[in-house]
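What follows is subunit A paired twice: with subunit B in the first complex and subunit C in the second.
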Partner chain A sequence: MAKYSVFSLVRNALSYHENWQRAWRSPDPKPEYDILVIGGGGHGLATAHYLAKEHGINNVAVIEKGWLGGGNTARNTTIVRSNYLWDESAAIYEHSLKLWEGLSQDLNFNVMFSQRGVMNLAHNLHDWRELNRRVHAIRLNGVDSEILSAAQVKAEAPILNVSPDSRYPIIGASMQRRGGTARHDAVAWGYARAADQRGVDIIQNCEVTGFVINNGRVEGVETTRGPIKAKRVGVAVAGHSSVLADMAGFRMPVESNPLQALVSDPIKPVLDCVVMSSAVHVYISQSDRGEFVIGAGSDLHVSYSQRGSFEIIEGIMGALCELVPMVSRMKMMRQWGGVVDVTPDRSPIVGKTPVEGLFINCGWGTGGFKGTPGSGHAFAATLAAGEPNDMAGPFSLDRFRTGFLIDEAGAAAVAH
Partner chain B sequence: MFLIDCPYCGPRQQTEFHCHGEAHIARPKDPDAISDVEWADYLFNRSNTKGVFYERWVHNHGCRRWFNLARDTVSDRILAVYRMGEKPPRVKK
Partner chain C sequence: MVEHVPLLIVGGGPAGLAAADTALARGGKVMLLDEQPGPGGQIYRNISDTDEDRRKILGPDYAQGTSLLGVLERDGLRYRPGTTVWEVTPERTVYYTEGGQARVVTADRIILATGAMERPMPFPGWTLPGVMTCGAAQIMLKAGGIFAAEGAVLAGSGPLLLLIATQMLAAGARIEAIVETTPARNYMTALAYLPRALRAADYLRKGIAMTATLRRAGIPWYKGAHGLQALGADRVEVLRFTAGGKPRELACKLLLLHQGVVPNVQITRSLWLDHDWDAMQRAWRPRLDEWGETGLAGIFVAGDGAGIVGAKASAIQGRLAALRATDASAGEGAPLRRALSRELAIRPFLDRLYRPAMEFLRPGDGTIVCRCEEVAAGQIREHVRIGCLGPNQTKAYSRAGMGPCQGRVCGLSVSEIIAGARGVSPGEVGYYRIRPPIKPVTISELAALAEEDEPTG
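Now for the complex of A and B:
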């Protein structure tokens, strides 16, 4: 497959860009693979890439029921950061962030990773104390994090309303400068292309409808395009994790909730970092096209409809008009929802299931885009060895029995 | 936004209610007598059904009473409303 470079761009310009090769093949499924990955979102595709690249296992297929990037991968607000509180989370998210830093080169695909900084606002004394504690804890884990005063917040993001009589006064913020945003489709496409190049079959429009399990061991899957055998199977289907677990005969500590986002009409550049407020559930950044990308909170009910409630949009827009008053004169162009897989401790599940040879990677919930490279890397190692690696270890499904929860829910109260 | 037919107040908009997740999860009678696996199943595992799902709601900004809904989690259509203590009705999508 051709390498993308400035030279290939010029060469293809000479033929009016009509001769670009397809970025990946579209093969029919083979009867058997060493490893099957279910779910062609970012996590599944990253898993396949690292299986081929780091473990030399390329008799692998990724099975996707729709199209690549049709799930949460390309529905999210693309915030990437690694400022998590607990050691286990810091390890996997920071590993992920380091992979992000070299991802475009690794994949030979521009994922437009922009380390523009991620700011988390504090609106009251409690927020402020908690934020200070977090910043120190995060720094002790060797992850960059700093504290900004209200004046510094204003200097970083002049569009914010820092007036003390605002409904949501800004006392200060934490800032992770290495955090930022990336182009979501490019992440799916880049991983797909790189995996395909190493021989991985990417099979779209193929839904897994059941598992073949004998004596407690998985031997393959049933799909809408026929049965496929495999020695090991990894499930990375985000919001559909419980559905797949149900097919395999076990239960999951996961609930699938709607999470929404929206974008404004495009304007000139006015915001060059990401601003998050967990107290009012607002997340805002400006895309390269000039649109504000705005993330909201999730609904609390189970839904697979990929639609959330209007009240959530109303709530977030009300808060945003107060935080960023200029927004009140803008129009919102598009709005959409995804199905996010939320666990009781808001931490992911990566590892074994009660079925031998069947592994699961899910529970990334409202914040798994940032985790895509780290998750794929850890899950690939787990699938290759048949045992969770050090990074995946603490995120076992079994932690809900042992009680070793990784309670980012209480710690962070941050959605993305 | 759902229009929820509270069994006590009639149809009101969703903002008046709060969803409390899956219904009909019985607390084990004797927690000390069961294994960690069973306790974890009660505490954390959820059906999270794609399709007809039975769930608890409370009418926070109304009568403040609890009741159950049967809802199709694919279409979000509400299929039945029934009171606490009543058997879940058999419903079709």
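Now for the complex of A and C:
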């Protein structure tokens, strides 16, 4: 398949861009694969890419019930950062961020990764103390993070209201300058194209209806396009993980909640970093098209529905108008929900399941998009070796039995 | 506290007003939300304020709308004009904006009577300034008695095209020409439905009368026109087309388009209800039971929003839904259903006769279909070539359907184009997933809603 470059752009321009080739094939499933990845979102496709690239395993298929990147990959607020508190999380998210930094080159596909900086606001003394503690802990792990005063916050994002008498006064903020945003669809497409080039079969519109399990060992899956055998199966289906676990006969300590976001009408550039606030439960950035992408809280109820309740959105808007007064006259164009899978300690699960040969990668909660490359990389290593690698090790399903939890409940702007 | 009402009706056209009338007559309490400033919907727009002269211009069918206004005097009705409903949830919570402030109300039963919208008519040049829909011209005529001083060219197909032409004529407007795009073979295929249509001979008589009036006025009338192109530098100057085997060009400053009306399914779609593809009307309609109740108990659809039926049948459907919404017994709907069946006798004939030509359903590659995001038909076909299966994927590929109109304008065209490129029916391709808000809402409106929810002491 052709490499994308300036030369290919010029060559195709000469033929009026009518001869670009398909970015990936659309094969029928083969009867058997070495490794089968369920879920054609960012994580599943990244897993397939790294399996082929890093481990030389090409007899791999990714099966997806809908289309590529149609799930949470298409429904998130595209924020990338690695400022997590605990060593284990810092390791995997920082690994992920490093992969993000070279991802467009690695995939030969522009994922539009923009390191515009991610700012977390502190609104009261408690926030401020916690934020200082986190910044120091994060820096000890070798991850970049800095503290900004209110005046510096105003300089970074002039649209913020830093007046001391506002409802949510801004005392200061932490800033990770290497964080930023990426183009969500491009991530799925880039991984799909790169994996396909290395021989991975990407099979869309193929829903898993059951697992073939003999003597506690997985031998394949039943799908709407017939049975497919596989030596190892990896599940990367985010919000629907417990549904598939149920098919395989075990339970997951995962709750699925709708997480909401909304988009405004487009305006000229006014905000060149990402702003997050835990107190207000909101995160906001401006897309390359000029729309404000606003992430709101997760619903308190458990649901698989890809739509959230409106109470969450409206409750946050008053606070947002105080924080960023100029948004009040902007129009909300779309509101949607994605299903996030949340574990008791708010950290992901990457590793083995009670069924031999069946591996799972889920529970990324609100951190799934930023974790895509790191997650895929660690999961690929785990699937290739049949054992979790160093990075995935601490995120075993077993930790909920042993008690070695990785408590990241305070890591996101959204309480969940 | 969130306000609660037993029956909420969305839309104040014939279906909504008739539904309110029936429910109130049965002792119900009704809240009627309508986006328009006065009752009547599109068909009877401004009916309560229109003087005798303008009624004469708009014709006897329009004047019939006054018979629906009695409902506004009834006890138990809370009529709220000028309110925009932008979200309805399956749990029957309705969010709307009134006077720049968002509000919320819950209801035991909801009747959606949101009516129809004009079918967009994409062809080369349809986005030029000076090109409008006939419906827009009719709104100006009904609401303010306004019509363009310079002559207009009317192009398209459908009974409303003729009606608007006669209304404009009566108002003293100049019509330069009518360019009818109804394909010649439609007249043959529609014949099969003529016997049934004779049961509703009244409609046929009206059609013949309108045609005669326009003929008498000596308006140039081109039939079977195809290959339409609107040309002009900064605005429309020329309409080019082929009719009677000859290429023609008409100078025009105002081009009014019409290609029939289609159900406005934005709210029912946003509720994730089942919709069926109506191959006769080439549009979607929500799946309903014999009363007009949807798959979600307590939510009904009446009128053109459930498939195009016309004003009279819409009113009957409104009454049927209101009967069920006020717990009428099964037998009470029978007389209404008989009347409905009579009114619907004309539909298959009209639907078949005025089925839009393919060039407007699935326009050529260069024609813009999504006006908000400026996506051309050819781009949609290109998406299909590289693996796009349905309209929701086009959003990721080119943002088609993601602009301020929320997909209302391009939805049908995008489904048709994908269906054509894939060689399947639009029913198989599906439609956009419609997201709330149905109409964009400002963030401050939302914030005001949150404040109102807090206890006030």
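One rule holds in what follows: the second predicted complex is superposed on the first by the 409 of 416 C-alpha atoms of A that agree within 3 Å, B and C clash if a C-alpha of one lies under 4 Å from a C-alpha of the other, contacts with A are read in each partner's own complex, and residues count from 1 in each chain.
In this section, a contact is a pair of C-beta atoms (placed from the backbone, for glycine too) under 8 Å apart; a residue touches a chain by one contact, two chains touch by 3 or more.
In this text the structure is predicted, and so the values were computed from the model without any measurement.
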Between subunit B and subunit C, positioned on subunit A by superposition, is the outcome a clash or a fit? fit
Touch test for A:L9: subunit B only (first), subunit C only (second), both, or neither? neither
Between subunit B and subunit C, whom does A:M330 touch in the aligned arrangement: first, second, both, or neither? second
Of subunit B and subunit C, the partner touching more residues of subunit A is C
Check the residue A:C321 against both partner chains and state whether it touches subunit B (first), subunit C (second), both, or neither. second
Check the residue A:E255 against both partner chains and state whether it touches subunit B (first), subunit C (second), both, or neither. first
Determine, under the contact definition given at the top, whether A:L140 touches first (subunit B), second (subunit C), both, or neither. neither
Per the contact definition in the header, classify A:A23: touching subunit B only (first), subunit C only (second), both, or neither. second
In Å, how small is the closest CA gap from subunit B to subunit C once the two complexes are overlaid? 5
Need the overlap of the two footprints on subunit A, from subunit B and from subunit C, as residue ranges. 307, 309-310
Subunit C - residues contacting subunit A, complex: 87, 89, 93, 95, 102, 272, 386-387, 389, 392-393, 396, 402-404, 406, 435-437, 440-444, 446-451, 453
Provide the residue numbers of subunit A that touch subunit C in the complex, in ascending order. 20, 22-24, 26, 67, 69-70, 74, 185, 204-205, 264-265, 307, 309-310, 313-315, 317-318, 320-321, 327-336
Per the contact definition, I'd like the list of subunit A residues that touch subunit B in the complex. 240, 242-243, 251-256, 299-305, 307, 309-311, 344, 400-402
Subunit B to subunit A touching residues, read off their complex: 1-2, 14-15, 18-19, 21-22, 36-37, 40-41, 43-50, 53, 55, 71, 73-76
